[in-house]
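In the two assemblies presented below, chain A is common to both, partnered first by chain B and then by chain C.
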Partner chain A sequence: MTTLTRQDLNFGQVVADILCEFLEVAIHLILYVREVYPSGIFQKRKKYNVPVQMSCHPELNQYIQDTLHCVKPLIEKNDAEKVVVVIMDKEHHPVERFVFEISQPPLLSISSDMLLSHVEQLLRAFILKISVCDAVLNNNPPGCSFTVLVHTRDAATRNMEKVQVIKDFPWIVADEQEVQMKEPRLIPLKSMTSDIVKMQLYVEERAQKT
Partner chain B sequence: ASETKEEKTELSASSGSDKVILLPCRNPPSCERVQLWLEARKQYDILEKDK
Partner chain C sequence: MDDVVLHFHPGSVVGLSSLLEQTEKLLEPFTCRPPPVFSPWFPTVPAGHQLPIRPAKAAPRINPAGGVLTAERGNSIVSTETPAKHADKTEDALCISETPNHLIPVSQTTSTSPRQHPETETDRLPVQRSWNVFTQGGFLLQSSRPLSKCFHRLVSVHRLHLHQRAKWVITEQNCNDVEKVWRSLTRSVRSSGLPTCNANIQRERAEIWVFCDVLYSEKVGRFLKDELQLSGRIHLSVHKLGNIFSL
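== the complex of A and B ==
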């Protein structure tokens, strides 16, 4: 077994690549399952060896990609504590929050080539849970939109700045009341522990959506 | 409440390790905009088939 630190072999970059690829699929799927956009823009694809729905709307796809490009440097440095997909009603009040809580171990133990396929299996379970989460959630009101939040540290935001400028995709600090819900219903969906990342996904749902 | 957007945008102004929540300035395309695109694409597909 080889034990590497975060600084070795750009391992943080590899983890960030894996997580951002997963988050991209997850965001598309959440938007489809929660009917934020018309189902006609989604096409069936195969990711992690399971069918998923991915948008074919160029502007939306670019938006999701740009968002994750900015988030990636934070994940790479282990500075993204949570990535949250927030679904908001017409008045821009959150109705649902899909919270991806991420933590990475300081030492990375790489045991074999099986590592990536094992992580893929774990991520597949998340995708499957998201694809059936509508069964445990109440319907959203019509006219919803979404945004992506990142919980990080003040000092870590420097890691994003260069990407923000390149991508012309600036970020701002959110007001707590803009993004939080009062007494939400908590629905745990999935958690995983692997050698390279620990992650749990839960949904916070507003009690009264309409 | 009087904090301006410019002040908020200066993400590196403070150097502490306080937790912050960031969100993009830009919004994703609206559902209406996407719906219009979808209808236009359907019409385009019909025209292409008729050619």
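== the complex of A and C ==
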């Protein structure tokens, strides 16, 4: 068993790669489960050895990829505290927020044998929880859309430059309206602790959705 | 509750009954006042600099009824499909959507994009559809027959899963005009309902890719060949193996 230390490879990059790959699958699945998009644009695929629904709509896929491509540098530098998938109603008020809270341990020492299999098992559990979360959530009103919010550890304006990695995909500070939710109901879904990353996922659901 | 012992002088002025009554009152539980709902004096969302960040561009919207791709402009929804296309839309045409229209500048489809292109001739060109999803339940599905012996043997040899995705490739060698075939294919989407299919046109390669499950790939291939009157051979490929079958 080989033990890797921070000097051996860029841990931030490894974590960012793993998390962004996971977040992409998770976002697709959330959009499918919460019926933000018509089910016809989704196809069944396999990830982490479990079935997942992935969009096959090129523009939506591009949007998600661009978003995560921009988020990656923040995760790499451990600047992203939360990545939130917000489902909004027609008036752009949030009805559900899927909050991925991310934390990386300051000292990293991992075994390569353990890394992939263990992390994959943990991420699989997240995916399975997302796929059944509609059982504990109320139906969303029709005409919902979504956005991705990134809460940074430092002031958002300081991280603006890091996130502007795609020229035609600018980022802005979110409006308070997009962040605030009236009387949210908190539904914890899953948490994980591994050598390289700690993460927890919970849903904030608006009490009155209609 | 433990027993309570009441000591009293037999000759006291206050009678036993009133003493008992007084004791019972004392032993009653204290009334609980529910605390008022806590409302912090500070704003629940911290000051502006701690607000999260988000992409300026809004996520694409896809209309389930007609599969029309729309984008937001301020608070209004802008359809990228022409009215003529709306008119011949059928209920069966679920989820026919379109790729990003490179002919329309981003500033037209997003609310806060900083790019401002002057309107050019190309901006007014109609949208070129380059992506389709076929609905389930078409006639092919209804008249489904088992796989041919040849194809069944192929599936066994390559150990293919019946729901594995496969790709038919239509090239310029199969037709004179790929765009014309693509338009025919788009039209036939509405009437045929090829099961498990989605298709896209690779304009830079002058190819049409039709994806479907291995289970239906043979029928889909025959349908494509007959319906689109393709010449030559079209090839079926699967991931990792490459071309495995031709028609």
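The rule is simple: the second predicted complex is superposed on the first by the 187 of 210 C-alpha atoms of A that agree within 3 Å, B and C clash if a C-alpha of one lies under 4 Å from a C-alpha of the other, contacts with A are read in each partner's own complex, and residues count from 1 in each chain.
FYI, contacts are C-beta pairs under 8 Å (C-beta built on N, C-alpha and C of every residue); 3 or more make two chains touch, one makes a residue touch a chain.
Quick caveat: nothing in here was measured; it's all calculated off a predicted structure.
> Mind checking the superposed model to see whether chain B and chain C fit together on chain A or clash?
clash
> Taking the superposition as given, does A:57 touch the first partner, chain B, the second, chain C, both, or neither?
In the superposed model, A:57 contacts both chain B and chain C.
> Give one of first, second, both or neither to describe whether A:176 is in contact with chain B, with chain C, with both, or with none.
A:176: touches chain B and chain C.
> For A:14, select first, second, both or neither according to whether it touches chain B, chain C, the two together, or no partner.
A:14 sits against neither chain B nor chain C.
> Which partner does A:149 contact after superposing on A: first (chain B), second (chain C), both, neither?
both
> Applying the touch criterion given at the start, work out whether A:67 contacts chain B, chain C, both or neither, answering first, second, both or neither.
The answer is both, since A:67 touches chain B and chain C.
> Just chain B (first), just chain C (second), both, or neither: which does A:163 touch?
So A:163 only meets chain C here.
> For the superposed three-chain model, which listed region of chain C (22-30, 58-66, 76-84 or 148-156) is the one that clashes with chain B?
The superposed arrangement places chain C into chain B at 58-66.
> Hey, what residues of chain A end up touching chain B and chain C alike?
In chain A, residues 37-38, 40-41, 57, 59-60, 63, 66-67, 70, 145-152, 155, 157, 160, 169-174, 176, 178-179 are touched by chain B and also by chain C.
> Quick one: which bits of chain B touch chain A in the complex? Just the residue numbers, please.
5, 8-9, 11-12, 14-31, 33-35, 37-38, 42
> Mind listing the chain A positions that touch chain B in their complex?
Contacts found on chain A: 36-38, 40-41, 57, 59-60, 63-64, 66-67, 70, 81, 143-155, 157-158, 160-161, 169-174, 176, 178-179.
> Which part of chain C faces chain A closely enough to touch in the complex?
44-45, 48-62, 64, 67, 69, 72, 94-95, 97-100, 106, 112-115, 131, 133, 135, 163, 165, 198, 200
> Going by the contact rule at the top, pick out the chain A residues touching chain C in the complex.
Touch residues, chain A against chain C: 37-38, 40-41, 43-44, 56-60, 62-63, 66-67, 70, 82, 84, 145-152, 155-157, 159-160, 163, 168-176, 178-180.
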